[in-house]
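Two complexes follow with chain A in common, the first pairing it with chain B and the second with chain C.
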Partner chain A sequence: MIEQLIQKANEQVLEIIQNTQPVITGIGTALDVVPGMTKTTILHAGPPIKWENMSGPLKGAVMGALIYEGLAANAEEAEKLAASGEIKFDPCHHHNAVGPMAGVTSATMPVWILENKSYGNKAYCTLNEGLGKVLRYGAYSSEVIDRLKWMENTLAPVLKEALELHGPIDLKTMLAQAIQMGDEGHNRNKAGTSLLIRELAPFIVKTSFHEDDKAAVLKFMHSNDHFFLNLTMPACKCTLDAAMGVKYSTIVVTQARNGTEFGIRVSGLGERWFTAPCNAVKGLYFPGFTEKDANPDIGDSVITETAGIGGFAMAGAPAIVQFVGGTPKDAVNYTTSMYEITEGENKSYVIPFLNFRGTPTGIDIRKVIETGILPIINTGIAHKEAGVGQVGAGLVHPPQKCYEDALEAFVQEMEKEGVI
Partner chain B sequence: MSKVNELFRQDLKVINMGLKSFSQDLKKQNTEVLQVDWRPPAGGNPRMIELLNRLKNKK
Partner chain C sequence: MIEQLIQKANEQVLEIIQNTQPVITGIGTALDVVPGMTKTTILHAGPPIKWENMSGPLKGAVMGALIYEGLAANAEEAEKLAASGEIKFDPCHHHNAVGPMAGVTSATMPVWILENKSYGNKAYCTLNEGLGKVLRYGAYSSEVIDRLKWMENTLAPVLKEALELHGPIDLKTMLAQAIQMGDEGHNRNKAGTSLLIRELAPFIVKTSFHEDDKAAVLKFMHSNDHFFLNLTMPACKCTLDAAMGVKYSTIVVTQARNGTEFGIRVSGLGERWFTAPCNAVKGLYFPGFTEKDANPDIGDSVITETAGIGGFAMAGAPAIVQFVGGTPKDAVNYTTSMYEITEGENKSYVIPFLNFRGTPTGIDIRKVIETGILPIINTGIAHKEAGVGQVGAGLVHPPQKCYEDALEAFVQEMEKEGVI
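Let's look at the complex of A and B:
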């Protein structure tokens, strides 16, 4: 009987994932639109964490956000304020939001607003700053803060007005197309970014802003191949939030890391986190950096793998290996091995090279433990110290302990329910 | 002639399941061998095997 209960619940979760329709509905200010946001709240990636336990890049991003918000004048003041207890730290995931790398989101930052049209829930994510010396990798110098201010005062208002002129954008179709064009939606978003520009450009031109601002916005999007990441992430977030809390389901609906701990949540176990120390990332480093400089795994962007894209769709994105390491054959092997630990195949996100097979979707904790195959994640690598930024990109797995503890808790829950 | 002798007259094509060193020894002798990527369920962890069994129907 228990097998049937789990099977039925997991099929329901997969059906929700398949039926979800993520749509971009607009851009707002975090304080106005993100549930539970306050002027002194800082959202971060991964499971809950206290200031004293945060890694360098997360601390750096928090300090940068406090300077950006005008709550601190410099790094010293920011550090003091962060440690004072006056700032409320909370995971993005507890506020229907996600954030790449440090995932730091503060009150006045602009955020994408996505709606899951099939189930009515929303998801939020900041706008992508680009690569290198950026807040999400823990950098907080004046060039980082200046860019964030430009994003708040020019990029977001232009895109907001363009979106109002365009109307809601169906992100599922765009993401499905991007995956067929060689993206996997996590560390390769070249096609998705291009498709978004193609969709929005005629409306950006029609906005009421100065010609120079419109050109700067288009140039900024064009110069940042990761721009679309901050849309694939909330698309996956609103997909999986809709699948949270399905009784008896062993499917993972959250994976996230704060740079210190990796955490997972399982649909049938609700909001409870199962955490363990983050693993080191194996990858390729920018000139001048080595693995000695690297912070352990960090960011909410593993929401993509959790929804069946990202590392799980690498067979369709062979060019990504030049960024994260390995060979195109490895990329195919990563995807095919993920079918061993997932509930089904995505109907929308398909890989031409695998005869249009759907991406492996819906990680089952039982299958992960039984096979010993851990989810594959591709990711950026942040410098371990605050203030530096990105130093490379690579591949990583979650710690197995998260999965073991989740299985233990699931069995306990089934015992309590009296079904085993 | 028995079937076994017939088998040994052919070129060997081996699929090895289990210890990898068996396949490596054959490779050294230029014998075609395919190593199956096999591992015991739950890596042989008795506690995890017990938990997985709890989630299976009682036979």
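Let's look at the complex of A and C:
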């Protein structure tokens, strides 16, 4: 009986994931559009965490955000304020939002607004800052703050008006195309970024802004092949939020890391987090850095794998091994092995090389424990200290304990329900 | 001794191909920039051909060009003029140019200007018209002519000025990226088109034209995933022209079809064409059309395969089978088999899935005859009658006779030289 209940629930979750229609509907300011946002709230990646337990890059990003918001004049003031108890820290995931790496989102930051047209729920994500010294990797120098200000005052308004002229953008179709063009939607977003630029460029031209600003916006997007990441993430977020809370389902609807702890949430177990210390990332380092410099796994971007892309779609993105390590054959093997722990195959995101087979979608906590195969995650690597930035990229798994604890809790829940 | 002479010559040809640096330097009017062009010259795809022997789509494109040039008021006048002897017909290939399908290029048409920075030679190609009823597939209705006029009066001037603001564009790097994003550079150019748009968009914004024109240009490029084809072709043309005339080389430097005959040229045999009747294309047809409607193989676009991309790079573009037929495994097999008939592996154009192996490059006429393996070509299919347009896309081989005759001529040449 319990098997049938679970099977039916998991089929329902997969159907929700398959039927989801994420579209970009606009850009807004976090304070105005993100539910529950206040001027002194800082959203962060991963499960809940207190200031004193935050890792270096998350602390750095928080400090940068406080400076950016004008709540602190410098790093020392920011650190003091962060520790004072006056700032409310909350996971992005508790506010229908996601953020890459540190995931820090503060009141005046512009955010993409996505809507899941099939189910009506929304998702939010900041705009991608580019490479090098950036807030999401824990850097907070004036260069970082100045760029965030330009993004607030130029990038976002231009894109917002261009989107208004264009109308909603169907992200599912765009992402499906990108996955047939060598992206996996997490650590390789070159095709998605290109498709977004060509879609928006004619409308950017038609906005009311000065030509210099329009050109600067187009150059900024062109300079950053990760620009599309901050759209694949909320696309996956609004997909999985719609699948949250399906009774008896053992499918994972959230995976996220705050740089200290990795957390997962399971559809049938609702809002409850199952956490464990983050693993170290194995990967390739930028010149001058080694694994000694690396912070443990961080960021909400593992929402992509949770929805069936990212590391799960690596077979379609073999060129990514130049960035995260390994060989194209490894990339195929990663995808193939993920079919062992997932409920089904994605109807929209297909891999030409696997004869147009859909990506493995819907991680089942039972299958993870039964097979001992942990989800594979493509990710960036942040320096462990605040203020430095990205030092590499690589591959990582969630801690097995999250899955063990979730399954144990699920069994207890079923016992409580009296179905086993 | 002859083997050593050939080997050395073929290595030299391959080295030229590897070292080539095709860049976009500008846009000009054919009459102004294409060598030997006159007001009454019509360039066409493939080896030389007389009006009376031209196939339907080539005749249709010639008629359209005569109307476009104002030399004829309608189809009847154009047909009469074309047959009168007053128009000079000449292969694009005799003028450092290439053209897809009919390849028709007339005096006032704008052309891309490419330069092979390593060897100083240039190549030219018209701008891609898009899909549906277009001149290159033999259509010549007012819709076709109007579009060509818009391309002359708006598209080309905007892009020309944007290029002047940007400076030369390195096409080799762009094409190498596109091949890692699922393009093969002949029948799939979605990535290349995207990369070109994102590269040029900021500069299009900065041109002196009206915003409506800038937006229209960006929309036109966005609407046509083949836009980049008319750049991959001259990139390959200027690559192979630099390798023409290397004594003792058995490497093919031209393959081209005029819709009636397929012709090849061999580096060591100079300007001489070896021709035979074109084969029928096997492929997928648009709704309402069958192979009964199809013209035989046509166009200069097989220059891509000749330079090591197109059908030779299909293993990197498995999604193309949805357009030309077959399975992703076939796509891999086509590429793999081409290593049997080529001199080497491309250093710039690599396929992630084959562990970043370079595409098979430099077709050796000896290997083609020895192995019986003919080059594989991805191509569009034109309706056999003038005025209709594209009816499908598929795969085709050159007639074996071209290769047999070329090898025979090579042997005779070597006998004349006294080296065998």
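Worth pointing out:
Going forward, the second predicted complex is superposed on the first by the 420 of 420 C-alpha atoms of A that agree within 3 Å, B and C clash if a C-alpha of one lies under 4 Å from a C-alpha of the other, contacts with A are read in each partner's own complex, and residues count from 1 in each chain.
Note that in this section a residue touches a chain if its C-beta (ideal position, glycine included) is under 8 Å from a C-beta of that chain, and two chains touch if they have at least 3 such contacts.
None of these values were measured; they are calculated from a predicted model.
Look at A:210: by the touch rule set out above, it reaches neither chain B nor chain C. Touch criterion not met for A:8: it reaches neither chain B nor chain C.
By the document's definition of touching, of the two partners only chain B reaches A:414; chain C does not. In the superposition on chain A, A:198 makes contact with chain C only, not with chain B.
Once the two structures are superposed, chain B and chain C can be ranked by residues of chain A touched, with C on top.
Once the two complexes are laid over each other on the shared chain, residue contacts for A:372 go to chain B alone; chain C is not touched.
Of the two partner chains, chain C is the only one that A:329 touches; chain B does not reach it.
Of the two partner chains placed by the overlay, neither chain B nor chain C lies in contact with A:401. Considering their complex, residues 177, 180-182, 190-191, 193-195, 197-199, 201-206, 211, 214-216, 218-219, 221-222, 318-319, 321, 327-329, 352-356 of chain C touch chain A. Chain A contributes residues 1-4, 6, 250, 366, 369-372, 404, 407-408, 410-411, 414, 420 to its touches with chain B in the complex.
Against chain A, in their complex, chain B makes its touches with residues 39, 41-43, 48, 51-52, 54-57.
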